[in-house]
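Listed after this line are the structures, all set down as structure tokens.
Note that chain A is present in both complexes that follow, paired respectively with chain B and with chain C.
Right after this comes the complex of A and B.
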């Protein structure tokens, strides 16, 4: 048994982030890979209950408070930080990895935060650090996307802060526990959480920003923000029924938008929202089985989504930036390893039997059935088929098969292959033997995923969805387009409105100046008429008239004095 | 000699389709091998999951297609002024 840890495990990642800029070559690699592993060790050393309490103003912050739920999420965040680091060892940007460490540290910090204030601090740290991860890609496109991204997250942060202040004012307690959606303050907290989860109408920031990060940056981004949101929803709002329709919307939004999308990493970004939707529904149903399911699904999702994005990142790196499905295809011939990894990730996200997605997502659907929620269950079943459609087949098909694009890409370097291999191993390993994961879930697990009926019905659902894909293939021809979303409001309508306001201001400004000009000109004209070279007051008076006037005056004085 | 990758040859693709159909048939017939446990009425129907998977996916593709008519824009849409 390791000794109890009484410091925030996130500190190890922060320390790593501060060390990395001073290191080069092998020492840098060693520190980069060791920090997440040390964090994982520290995570499992955090005891149940408050481990670190710090006074702040008149409050006592519970900076480190452990329980099963926090350890589960901190575990997967640490594993993700390690594998993401391994994948990004060849990344040229020296900003990205330190930023990713702060970002991952923020996520680990949130999971151990026992009070609302510490949670908020780590939460905002993540927003800033993840923005830096996007910046690290360089270029105007990434910069502008990162600005839209941080504006949305700062907005979410302000809403969350307002909610926290309200709760503290009402209850006097900063304790972060289960809340009820019965006051404006708790609603604001819920909205703040949901912004980060990618819930409507705040979904567009995710597919807008994530694909603009580098080939390795997107892998980090996919893991932490949305899953931290799932964690805080699990802790703060288990059983909040409003989450069921919100999650269902996210599930179908993800599918439909991914079907319309052409950019390979944006397809996978939409499918993050789809997958988080399953978790949000599970939290909304709120039984022990579905809460376990949501937590387990977050765990397995981080792994297979990272695997999918690593295979996409490999294609992106080796092709020098080809990102559209219309330009890709036929890569399986020269990249068989990367293609296999992508397919394993695709099978896992589709919750194919014997992959990790099967043993986690099915808990949520089972929970809906147990609660006799017919429509929710039908929706989840249709969506499961839809996941196979939009990610399970679509992604590998368009990137690795489809047609011969003429690209002959080499396999990525060893470190990237290793990181993909590790996560592919976990996808299949957890699918074959879910017990190690079930053992660390928040509630005791009394669920058997592998029954003949379950395997057969799931395979029917998935393979007939696959049949639908190939039948409908002519209807899914990729186009060089993007799809409008709620971000149209702030990227187009508000911009047009602002431009219109600016135009009107400019016009009014010009008119006012023209008017002033005219008046000034009139004034000058008037003065000119009097004082100008021909003005009455500037006229040279002829000598004759002076003599005449002098004579007149003399004559006058003569008359007067005579 | 066909210099195409074996997966690209028409003969292989035809075989894959045939294999696929057989697999789908086996999956439906597999329902006879166990006693189904239905939670609702609908999911107890024979081959419900197969039909539901197929139809819901076709519906989703068509809905996406319809939505695309209204929501698709050129890639430069937000960069243009």
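Right after this comes the complex of A and C.
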């Protein structure tokens, strides 16, 4: 029995971040690996209920308030911080790991925040720290991507803050609990959350920014921001129906863009949006089963997505920066270990039976079926096939098999192999024995994943889409696009959704962005003319006209008052 | 000891006033600085004691020279002006430490003692405005502080400093004259200059033309002194071309004291009923305030001189304060008072940091500052902290300001104001980021030698002010308790 923890577990990670810049060599490694483990220990020491409360203005901030949901997310965040650290021990940048610690600490902080203000503080801390993770890669591309990234998040932050202020003004309480989407203020909060989840129309920041981080930075990025958003949605808006269409859109947006994409880490980034879409749908359905499913899926997704990105990161590091699928291929021969890890991750993300993805995603689908939400269920099933296509087959096929690209890469160093091995073990371990995960979910679980029905449906789905992939392979190579007119049962739905989403996003986005760019330039020009150093509003005025202003204002007020 | 305490309100002003000629007589920079510093330190302690007394034992009335009010001049201290006194004196004290090293480099040699003389005189004026309970006395101290600040700005040493000072002189004089005309009209109608008396007698005369005219003259005069848009035109040059220490001191205190007088006159003397009920002061203040928030921020974005940029940012921030005043509810008054305090902290920190940079590279132009953040990490840290506070990021003082401002706006159902506040905060992000980007991410100017961190005697006050931005973002007991009480007192209005 450990003693109750009455301080924010995030502090351990912050302290680690503070120490790291002063350390080198082995002590640095020890501190870097110990901090996330200590955090994990502290996470499990947080008792239920308010553990730390701090006065602020006329309120009490509940900086640490534990329950099952908080602990579940904090647990996976700590595990992720540990594995990510292990993976990135060879990283040359000395900024990245401290930034990642603050980032992870922010995520752990959000999960234990019992009130809106402390949640917001940790939330913004994450935004800034994750930007620093991208910076750490160095170079102009990373810098510009990070700027676009932070602007989007600060915008989300402002919207969120406005919503929080509104809620406080209405209710007089800063408690962070389940809210209803019945006022402008709660809508603003929901929008603020969704920006971080990568929901439309704010999805583009994610695949734009994540691949610009270093080979290890992306691994951290993939885990915290979107999953924290899932956490706050679970806490704040369980059963908000608007989340079902939003999540469905995300699912297909992710699939289609991932299928069209050529950069291996960008494929995986799109697939984050897709996977978060599943969770958002689960939250929107809002039964105990789907909420459990969403939470469990966040847990397993962090593991297999990090595993996939670690395998991609290994390829990136060992190849010295080759990113495009068309330049890769045939790496299986010289990197069998990395390839195996990538395949395990790919199977898990496709929710292959006996992997962690299967035991979590099927809960959401089952929940939709139980609610007789036929179209939602259908969409989820179709999407599962799509996931298998883009992440399950496309990623490993193009990177590790396909043609021989001539690259003869060595396996990555031991620490990276170990971290991948750990997560691969968890992927399969949780797939074979989901009980430890089910035991810590927010609601009691009486769901059995391995029924004949579930397994057979899933296998059918996967086999057929796998078949489709290889039949269509020639087309994919040439045009890097794919049409799915072969599919069974639900092909129409998928096609429609695909075409709709593709049209709306690809063409419209480009056009809209160009247009917006032009307009923005015009607007800035106009503002500059008025406000620039020689503009009418900012130049040095002759004293006479200043006096005139004063006289005019006086005259005006006299007139107004009379 | 008790006699000393009893005469504290008088000493608060008299000590700096006496110190000013002493600085002049001292004739040497070192000695003059010590005298000025002792006076400012005394003023800070006195203000702290007064603040404590008013908070725990209620308002203090002090009859100057033993002449009972309303015949004599009354010094009336309550939480509202004790709070302002504390801000002014404390900032003056900290900035004075900063000036010791920075001033010899920024003004003509041999004039340091004159500088300290003017500085203490300016301090005297500002403290006097805040403490006095007599309307005419406000004018006297307003002139003392203004005249000395013209001289302080002119000491900036650049040719533009002289024009800036001259323009400020013209505008300041007009502002003060308007104020005096207004006070004169009130005296004509009521036969008294004592603020408490005025507030008791004005309600009977509410509809008389001279009182209305007096109100117009006073508000416009004070708006001019407070640099409310579009009467802010004197401010950017005045702040940009003054010596760094003066910019820091004035940006943090001078306009704030005028805003305090505006609060005092609108709410206590005329009463919110009169100003906002009968007269459309809401719109008279709200429209310029919103314009200031945007015009000031946009102008700040495009400035190449960072001191000028900060000056325009002050215009925008004064917009927030005026906006809070215009809301005309106790929450708004409290928000205004809190932002007066917090904005003083941010701008003092930022101008001091600019002083540190000027000390090393002799310029505050943004293109000259490229890459300095790595060479002067502590100054950079102060700039980032001040900038975050300016944006209103949680855990900084600026966040507390924004919090109260938005809450006050929501209380009046003017929810669109919240959107405007958020938008203009995003503009602040642009100009703050521009500075951070230049300092940290750009490559240093080729050919410029690497510089060292600013000397400790400048760095410590800068960091202290920056730290205060964090401290008052976390521990809000002092400003919240003071302003809560102050807002109630101010809002009680005539006869209250």
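The criterion applied here is as follows: the second predicted complex is superposed on the first by the 477 of 562 C-alpha atoms of A that agree within 3 Å, B and C clash if a C-alpha of one lies under 4 Å from a C-alpha of the other, contacts with A are read in each partner's own complex, and residues count from 1 in each chain.
One rule holds in what follows: contacts are C-beta pairs under 8 Å (C-beta built on N, C-alpha and C of every residue); 3 or more make two chains touch, one makes a residue touch a chain.
Keep in mind that this is a model prediction, so the values were computed, not measured.
Novice: Return first, second, both or neither, reflecting whether A:439 touches chain B, chain C, both chains, or no partner chain.
Specialist: neither
Novice: When the two structures are overlaid on chain A, which partner does A:124 contact: first (chain B), second (chain C), both, or neither?
Specialist: It touches chain C, and chain B stays clear.
Novice: Is A:168 contacted by the first partner chain B, the second partner chain C, both or neither?
Specialist: second
Novice: Quick check on the superposed pair: does A:255 touch chain B, chain C, both, or neither? Answer first, second, both or neither.
Specialist: The answer is first: A:255 touches chain B but not chain C.
Novice: Per the contact definition in the header, classify A:461: touching chain B only (first), chain C only (second), both, or neither.
Specialist: first
Novice: Once the shared chain is lined up, is A:369 touching chain B (first), chain C (second), both, or neither of them?
Specialist: It touches chain B, and chain C stays clear.
Novice: If we count contacts the way the header does, which residues on chain C are in touch with chain A in the complex?
Specialist: Interface residues on the chain C side: 163, 166-167, 170-171, 174-175, 178, 209, 212-213, 215-217, 219-220, 223-224, 230-231, 233-234, 236-237, 279-280, 284, 295, 298-299, 301-304, 312, 393-395, 400, 403, 406-407, 410-411, 415, 418-419, 422, 425-426, 429, 441, 476, 480.
Novice: Considering the complex alone, what residue numbers of chain B touch chain A?
Specialist: Checking each residue of chain B against chain A gives 5, 7-8, 20, 23-24, 27-28, 30-31, 33-37, 39-40, 42-43, 47-54, 56-58, 60-65, 67-68, 71-75, 77-78.
Novice: Can you list the residues on chain A that touch chain C in the complex?
Specialist: For chain A paired with chain C, touching residues are 56-58, 117, 120-121, 124, 143, 154-155, 158, 161-162, 165-166, 168-169, 184, 527-528, 530-533, 535, 537-538, 540-541, 543, 545-547, 549-550, 553-554, 557-558, 560-562.
Novice: For chain A, which residues are in contact with chain B within the complex?
Specialist: Residue list for chain A touching chain B: 252, 255-256, 259-260, 332-333, 369-370, 372, 374, 377-378, 381-382, 385-386, 389, 404, 452-453, 456-469, 471-472, 475-476, 479-485, 491-492.
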